[in-house]
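Labels run A, B, C and D following the written order; every chain starts at residue 1.
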Amino acid sequence: MRFTYLGPEGTFTEAALRTLPAAEQGVRIPARSVPEAVEAVRSGDVDAALVPLENSVGGAIPVTLDELVTGSPLMITREVLLPVEFVLAADGPKPLAGLRHIAAHPQASAQCRRWLESNVPDAVVVDVLSNATAAINAAAGEYDAALCAPIGVPQNGLTVLAEKVADRADAVTRFALLTRPAPPAPPTGDDVTSLAVSIRHDQVGALLAVLTELAVRGVNLSRIESRPTGEQLGTYFFFLDCTGHVAEARVGEALQGLRRICAEVRFLGSYARHRLQPEEPVPAPAGLSDTDFDGSATWLERIRSGKI
Amino acid sequence: MRFTYLGPEGTFTEAALRTLPAAEQGVRIPARSVPEAVEAVRSGDVDAALVPLENSVGGAIPVTLDELVTGSPLMITREVLLPVEFVLAADGPKPLAGLRHIAAHPQASAQCRRWLESNVPDAVVVDVLSNATAAINAAAGEYDAALCAPIGVPQNGLTVLAEKVADRADAVTRFALLTRPAPPAPPTGDDVTSLAVSIRHDQVGALLAVLTELAVRGVNLSRIESRPTGEQLGTYFFFLDCTGHVAEARVGEALQGLRRICAEVRFLGSYARHRLQPEEPVPAPAGLSDTDFDGSATWLERIRSGKI
Amino acid sequence: MRFTYLGPEGTFTEAALRTLPAAEQGVRIPARSVPEAVEAVRSGDVDAALVPLENSVGGAIPVTLDELVTGSPLMITREVLLPVEFVLAADGPKPLAGLRHIAAHPQASAQCRRWLESNVPDAVVVDVLSNATAAINAAAGEYDAALCAPIGVPQNGLTVLAEKVADRADAVTRFALLTRPAPPAPPTGDDVTSLAVSIRHDQVGALLAVLTELAVRGVNLSRIESRPTGEQLGTYFFFLDCTGHVAEARVGEALQGLRRICAEVRFLGSYARHRLQPEEPVPAPAGLSDTDFDGSATWLERIRSGKI
Amino acid sequence: MRFTYLGPEGTFTEAALRTLPAAEQGVRIPARSVPEAVEAVRSGDVDAALVPLENSVGGAIPVTLDELVTGSPLMITREVLLPVEFVLAADGPKPLAGLRHIAAHPQASAQCRRWLESNVPDAVVVDVLSNATAAINAAAGEYDAALCAPIGVPQNGLTVLAEKVADRADAVTRFALLTRPAPPAPPTGDDVTSLAVSIRHDQVGALLAVLTELAVRGVNLSRIESRPTGEQLGTYFFFLDCTGHVAEARVGEALQGLRRICAEVRFLGSYARHRLQPEEPVPAPAGLSDTDFDGSATWLERIRSGKI
């Protein structure tokens, strides 16, 4: 199998991709950008693309969300959660006190700001365009050190000066493995269904209606993210991560309800929830299991045929 | 066909029954009470019973509602609306000024109170047990006159002293034709679906949940009536008249939803709405027609099979 | 103090009134009907009237509800719950087997139907116009026995043949003590607020809006009763019994909300809940106590003045 | 008055700031980052800071949102909308066909992708760290041309090669002028109130409750944006832009409701809506004007004092 991912080599995305056995054994091709990665899937050049979806500190990745709602349909078939760990690395061992210039992607330095202030107060942070670029620059001796992902250390022959330098120990990035549309894998009992719905009017009533379609069927939300549609300020796509699988009755009925009231509904996939720590999946609320739906459907058949 | 109705002969219920051609040509047997009429249907002695359901002035008829939710299931297969018109009648022509005692059922005299005060201020109203009894008593000369239904006049050889003596010209009684369970007649495009739902807890939240199940599917209410379940003050059956037919997708889905969240749902029938004046039926709201439901079901099938 | 009540003497209403010390010591005048009792309050002839509001078996008393929403305003200042107990009584001791004719108000015989079928299967029940009439008729020897209220026994010198003959042991009638408008008594911590609201359109949406105004402020319903307004089938007054007192912030805010969205809101009183068995009152939900409202009001004042 | 803004000089933020007369006449100090700009307000070094809030193409600016909900309170006292217009500029006139390297911030080149593909298909886009950097680099002759903001042209003595090169003609960026807390300016009749609320549990029910508090008071949403709180994936701050002013009754009551149910509510300001085209403001819904609130408050006072 052929995979692409948001490159260059040495980014967190490559690290996330390599947690998937099929990708570790398959072909891995870095892409220059999320649109390029997505295009490679659409065109059939690769089988799947791993791209970042959201970061617990930095929020949603707008370009990924935008790709999911424009162009030909794609499906999320896996999610991968990866703890975000930054290291400070250099082209050889050196004392922190001597560092003058540190290369860092602005988002990386933002996530390590307090550590940098405490530990290298005199160093100047130089903005560069990616974590991988920072590592490459440090390896070339252009800067005294780099803030980068652990994966960038062996790839560039760097020496780690300090580990776990991020201010928040629990930061996580969530990635999505995108493929061309295909039947979702069967339910596992702990699944996520991702949707994008566009709302006709930017009103509290319209969003209330969307949430009510879910709530009535006992479908919970684990994420909601709004994105302007690009048409004008105030009109939105909402990205919803729902608890459950499209093959389940309650999720199916909720999706049909959304389809009837929303200007547009894009189904983005049903897939197993990735948990970093084992946690109990949230069961269907009382009265809303598949068995309950079957029971009410049977009852409706009976009353429609006069057998009550 | 054999029919029973809330007797005795000469009541409004008999008048309502005779508006149905099948009953005008069939056998009509008066019952002493609503429970007796209903029992005759349940036991198979008759094919159908006509009983009063509600009156625009006096409200619901509790005994009818109670019969609908206890014992073996019954179905409403027709509704009949009858304008309530009282006459003042006597055993011969006589001046109003000379009337001393007027026989009347308490509900009848309540509906004619202002007319009585204005037109026969000196007459004493004597309570009797039914409109038909009043007519019979007047015919027997026991009282000077009777407040009764028009149908009681020819049946007892009475003379009308005054017509349309009710204070409200537009009072209407609604009757239900009850049969044993059978497949409902096909939708006419202007139908009513009657339900009784019991609610587990007497809370605003529980009733909100019931109404939300309807609202989400665009099912409107034309009547809601609460009745204590008889178990304790504060627990209720709600009688709901919904716009639409059980064979319609939106009504079917709403019923299934109620079935899943309510302690008990009794389907009481889907039948053509009886209108005294021609009125446009209320169409399904935008996005909630059978065609829309078919469309969303087809879409769900597609996304479940990966064809998006 | 002068009291009136739904007479005649010997009814359950008189028994209920006499549970109030002020009435036991005051003047008690029977009224022929609920409208007559209510009129005596409105005109100032009496200070208060006790009338039945609802029965756990028979439901709401329509004439009382109608009086509460027509004419000049009245207030409920007390509620009285009285267990419904029927006795079979006669003008002297006699065996049940020998009873041929039993006088009973139709609602009384309906509540004792199963007992009558089991214990006096051969007796004919003769409908009379009130429980008190039944007792009077039996005392006069017109019928072999009467179904009546316990209070009718000593009043008519009757002998009890059987006690507690109602089919449901737990039937309760709820009475309201009505006065002219006055400031409600202070909150007791376990209060009821009664309202009547009319709804502009007979739609699920309008009723949902009413319930949402309550739910958002954590105001619970202990009763909801719909009554046609008398104008046409399908338009309603809803009688709501809410948990809490008009002096409480959450109840006050909910009432204001109803006032803004409903065609008409009648405040019918805030008064101590009468409990036959001691029960814990339902406290205000989390975040909705008067203290919470005070806190949010203080906060609003702060942000309005820029002190955040 | 002293202002700071997201620099460097020559960015869209400077252009937006200069649309404010007080800033055009006051002192304007560029900041290196949004946190630096915000810190200058908090510390009292400047009176106000203009920072980007959202872009109709790129979405919310996470760093600005994060600053608004951490640290000491700030208030939005103005919003400024600025159409986004990119130009292609160089150090002198030259034909498009000869361009080999074009400097651009990645977000700028993303917004002009289709124009670049059509008009300079052979040029390589070189990522640089800001629009202003691109202009400076082009002026220094490091690259053949720059994608930059119009304001960068005179500042760097550039020549415009092509105007309005963005793919979307209607892209808009919205900026917020932040100050230390102060009483909001009086209502103008067309105002926005900005809030950030954190939700205890990441559930559809919690968000429904928030929206219902607004909907019940007729407060509309013109924007909703979710941001992870940084604590764990799945817990959120919601940024809400509401129609109306905190001094209005309906907005005040809605805010109090949110305060009672949310873990945290940050009031971020009430300010005049900036409209690029004249548009009618949305009036308060029927029944929800300040006059209606006053009317219901007066009515509540009356019923609380028994004057009904």
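By definition in this document, a contact is a pair of C-beta atoms (placed from the backbone, for glycine too) under 8 Å apart; a residue touches a chain by one contact, two chains touch by 3 or more.
The model shown is predicted, which means the values in this text are computed figures rather than measured ones.
A.B. asks: Report the inter-centroid distance (CA atoms only) between subunit A and subunit C in whole Å.
C.D. replies: 59
A.B. asks: Could you grab the centroid distance between subunit C and subunit D? Build each centroid from C-alpha atoms only and quote it in angstrom.
C.D. replies: The computed centroid separation for subunit C versus subunit D comes out at 58 Å.
A.B. asks: Indicate the whole-number Å distance between the mean C-alpha point of subunit B and the mean C-alpha point of subunit C.
C.D. replies: 25
A.B. asks: Going by the contact rule already set, what residues in subunit D reach two or more other chains?
C.D. replies: Residue numbers touching two or more other chains: 212.
A.B. asks: What topology does the chain touch graph have (line, ring, star, complete, other)?
C.D. replies: Shape of the chain contacts: a ring, since each chain touches exactly two and the loop closes.
A.B. asks: With touch defined as at the top, which chains are paired up in contact here?
C.D. replies: Chain-chain contacts present: A-B, A-D, B-C, C-D.
A.B. asks: Using the touch rule from the top, collect the residues of subunit C that touch subunit B in their complex.
C.D. replies: That would be residues 54-60, 62-63, 81, 106, 110, 127, 129, 168, 170-172, 174, 202-205, 207-208, 211-212, 214-215, 219-228, 230-234, 236 of subunit C.
A.B. asks: Which residues of subunit C touch subunit D in the complex?
C.D. replies: 73, 75, 181-184, 212-213, 216, 246-247, 252-253, 255-257, 259-261, 267, 287-288, 292-293, 295-297, 299-300, 303-308
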